[in-house]
Amino acid sequence: MSEGVGVDLENVWIRFGDFVAVREANVQINGGEFFSFLGPSGCGKTTILRAVSGFLEPSDGNVLIGGNNMAGFGPNERPTALIFQNLALFPLMKVWENIAFSMEVRGASAGERRKRADELLDMIALSGQGDKLPSELSGGQKQRVAIARALCAEPDVLLLDEPLSALDLKLRQHMRSELREIQKRVGITFIYITHDQGEALTMSDSVAVMKAGIIDQIADGKSIYDDPATAFVASFVGENNVFRGKVKSVSKDSAIIETNRTGNLRARISSDNQGKLKVGDDAMMFIRPEALDISTNDTSSDTRIKARVTHSEFEGQSYHVFLEGTEGKEMKMSLINRGEDRMYERGKELYLDFDANQAVALPAGELASE
Amino acid sequence: MDAGFIKEFFKRNGVGMGWFLIIAVGFWVVVLIILPQISMFDFSFRNDLPPPEIGGPKDVYTLKNYQYLIFGADGNPDGYNKTDLAVFGKTLLAAAFVTILDLVLCYPIAYYLGQSTGGGMARLFVLLLIIPYWINEILRAFAFRIIFGDSGVINEMLMVIGIIDNPIDFVRENIALYAGLGYAYILLMIFPMYNVIESLDRNQIEAARDMGASWIKIHRRIVIPYAKPGISSGCTMVFMLSAGALAAPQILGGPSSLWFTQIIYQWFNQSVNWPQGSAFAAVLLVTCIIIVLGVMRLFNVNMGDIGK
Amino acid sequence: MKTDSLLIRIGLGFYLVLFFTYLLGPLVLMSITAFNSPSFPQATPWEVLTFEWFNVLYNDARIVNGIKNSFIIGFFTVILSVIMGLAGALVLTQIWPKIRATFYTIIIAPILIPGVVLGISTLVFWDRVNVMLGLPNDSFLHNGILLTVLGQSTFIASYCMLVFVARLQRYDLGLTEAALDLGATHTQAFRKIQLPFLAPAIGSASVLAFLASFENYNTTTFTFGKYPTLTIELAQKVRYGINPSISALAFIIVCLTVLFALVHEVRNRRVQLAIANGAPVGAVTSGFKLPKIFAGNPVAVVLALFVAVAVAVISYAQFYDPEPAKAIILQEKRAAQQLRIEELQRKLKDKRLQKNLKGPDIFNEGKSKIPKLEEKKQKTPFGSGIFSPNNLNKVAPGAETPAPAPKPASPFGSVFDPTNLNKVAPKE
């Protein structure tokens, strides 16, 4: 796995005038890894990609590819290939000419180029379509041509800038597995930019979550979801019920939070924050909807919440129950559909249990806006 | 910041392309546009000297070329150079008249084309508009000379109908000139207006009509304010070109009426007094620029709208 | 409300007709005069269909030379303006924002600067340069072709720039970035990606530049030196005397323009239709599928008609001989003229008599009017233009005798051009 070429960002700052687009980014991407930058639009993830591909130079810090400092190297001198958000297929060239463009500029003969283009067309399952123009292809086909064109340049690192965002849902899901498949086959490093957490979590070996120019957390998908480092990550990735409050007591890996409206609740401290939370700090506690369950016990506990149903939704694989706690605190609970009817009526009072290990206590911070 | 821009410029274009762009643009802007204009202004402040004396002791700056335009030759009994100043004023007025004529003529067409759905007819009309513009300026003037001549179609027709007994001298009355100039610049008036009106949402007009606005009101309150950049762009171009026209006045102008450009032409080609001609040209240029800037300020339009 | 909009529609239709009459009428009338035999270009009265003016035109060495110069100048102007206009547009899209407005103002200014000013400044500037370099008076810097190319390119490049800016606005810079990313150098990215994208704009800018150069008068008139262009020659001819050979030239130019415009339009239309139908463009542009093009395309119909008429006229001209008809007309005209002269003389007599009968005030007025009347009437051949030398030529069958008038200062005052006289005179 680690035979590919890695990419390192060392203390990278990127400024446009007074605006700081990327603040002190430190990232190590291993060779052969599928690495994603995940964040809302405008968070600076595309800027990082452009700094890696060479379209802009960092204001401070270094970009290293395969251990070599890339400062002063233009995009045409770096071993990277970028797949643009709008794909940027050359509209006046045929599909095969598009694919073999990188060979054309290196001076390869037409025969060679055609041969390689046909190989790649086979790989992306578009055999025989080489003589069409890009405008004659469907969205998914264009997507695959863009990938083939980038791979034809034999890059050490493939950069993908939200390449699936223009596709419809079905195709997007199909392309996810296809991309992952291709990455496994060619074995080079993929750096993937997306605002879609589903894409990031399903495809990536590692994910960096970004907010307003700052990288909040770099980890594999499971850690990002289960063990978020900041309140932003917890609220941006997946759904979460948030409880604000103050730290009442702390042990090594768990804390009791005195929430504003729901009483004292116990939660695990996320691994990045262990030892950092102090008694009296402003804190936030997150419980995933699927971590909540209906209790048969009605005694009060620090892993139990009393709430009243406002409405229920049935979504096939699960039921979503929306509740209101004391003073109108809104919560959501998701229950797996195991054949029982979980459509609770409005006004029904329930006690909800959770496992303190599945609840996360974090220092208070900015949440992702809905 | 400046150095950063230049660095970025070369980064974006590469060294070869970057230099090519800088040389091509530099040649155009500096050698073809700026230096010749400066040179003309410089020349207008000099004495008319034979070549051997250029650079000699007599080659000093003087205001006499401008003084001539205002006061006439030394010892002029009138005090002012009435002939040339009158021609200058008349040229500007006539150019303004041609501009207004074109505006009135073209607005309905621009509106019609801009608001039509772009079917075959509208495309044909656009083509018909463009074709005369591709015909040589001289030939267009020539056509008008034929039409407005004493034995031209218009005189013949009027005489056949019996409105007049004797041919009207359209050339002497300058009607031929105005018609010819107006004709020459129709396209430059229509297209800027057409481009703007085309982008006007038809629903706005529908809505106004729905609310019971009259046609006049719709145009005054909705279409004209919206088309203002196009209107002023068209007017600017037509005015500048009419004031600077030379061929049409030479061909269609009556014997009594001179165009200011014709006087400039005479200084260069008949009197061969280049500094004097340069001074007149400089006055024409500066006046036109002032008028255009004034109009743009008045209508609150900026340079970016010109040439759209 | 209904009648109101109907009225507006009728009014608009009427206005459209009027407007396009103003627009196209002059060209049509001018074209007609090319086929009428009188030596002063006139559409009415129609005398005899003739093609002789095309011959006159063809044999006019100055015109032919002018065309040659125009093409040389046009060629170099196109190259220079397209290059400068393209560079200007490219720089404009990426120039430092703070100076963008200033830069735009400078490169758009030549369109607004009067053409004479451009011509003068070019002439004066290069003369200065010449003096500064200490070159002789007839150095290359005084070459009419060079000066004209430079003077014209100054403003024609602005037109080209506008064409390129319009096209560049639709260009996705991501394409250049993609090419760079795939290893292309900046030059390769420009040549292989951006330039092909700009190709249509280069085409239209070239056509525009050539037309603008070809028809330019105001600038060229100061810079042409020893190389008069067609436009300059035409202006001289038109100013110092006109004959229908200019109409013949105009007719040819009108035809070429119309043909070109129609072909262009039809091609555009086909491509658009193809795109609208979702068909690949290549399929439509290669095969010539006539019937389909005509559907809903009045321009194509006009083009077809136009070509048909042109073919008919040209083939007709091959064996058409206007001379017999012309002789008849001349006879008729002579007779009619005689009648008119008599009638006119009688009228004048009557008028004088009448005036004499009236009071002294009117008498004075009348007296001053009469000579004016005569003077004006001379100009209309069909009225009483008996005193016009042109008409003398036409009327007299044996007009080989040169016109009595002295040659005008300009030798190409075409009315007195010997070749024209030959044409005017009936052949044996």
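Here the chain labels run A, B and C in written order, and each chain numbers its own residues starting at 1.
Going forward, a residue touches a chain if its C-beta (ideal position, glycine included) is under 8 Å from a C-beta of that chain, and two chains touch if they have at least 3 such contacts.
This is a predicted model, so every value here is computed, not measured.
Among the other chains, the CA centroid farthest from that of chain B is the one of A.
Distances from each chain's CA mean to the overall CA mean are smallest for chain B. Rounded to whole angstrom, the centroid-to-centroid distance between chain A and chain C, based on C-alpha atoms, equals 66 Å. If you average the Cα atoms of chain A and of chain B, the two centres end up 60 Å apart. For this pair, chain B with chain C, the centres built from the Cα atoms lie 18 Å apart. Within chain A, the positions touching two or more other chains are listed as 74. For chain B, the set of residues that touch two or more other chains is empty. Multi-chain contact residues, meaning those touching two or more other chains, occur in chain C at positions 185. Partner chain A is touched in their complex by these residues of chain C: 172, 174-175, 177-185, 188, 192-193, 196-197, 280. Only residues 8, 12, 15-16, 19-20, 22-27, 29-30, 33, 40-45, 83-84, 86-88, 90-91, 94, 96, 101, 103-118, 120-128, 131, 137, 150, 153-154, 157-158, 162, 185-187, 190, 211, 214-218, 221-222, 230-231, 234-235, 238-239, 242, 246-247, 249-250, 253-254, 257-258, 260-262, 265, 269, 296-299, 302, 373, 376-377, 379-383, 385 of chain C touch chain B when the two sit together in their complex. Partner chain C is touched in their complex by these residues of chain A: 53-55, 74-76, 80-82, 84, 86, 88, 90-92, 101-102, 104-106, 133, 136, 149-150, 153.
Of all residues in chain B, those touching chain C in their complex are 1-2, 5, 9, 12-18, 20-22, 24-25, 27-29, 32-37, 39-40, 42-43, 51, 54-55, 105, 108-109, 112, 120-121, 123-125, 127-132, 134-147, 149-153, 155-156, 159, 166-167, 169, 183, 186, 215, 236-237, 240-241, 243-247, 250-251, 261, 264-265, 268-269, 274, 277-278, 281-282, 284-285, 288-289, 292, 302-304, 306-307.
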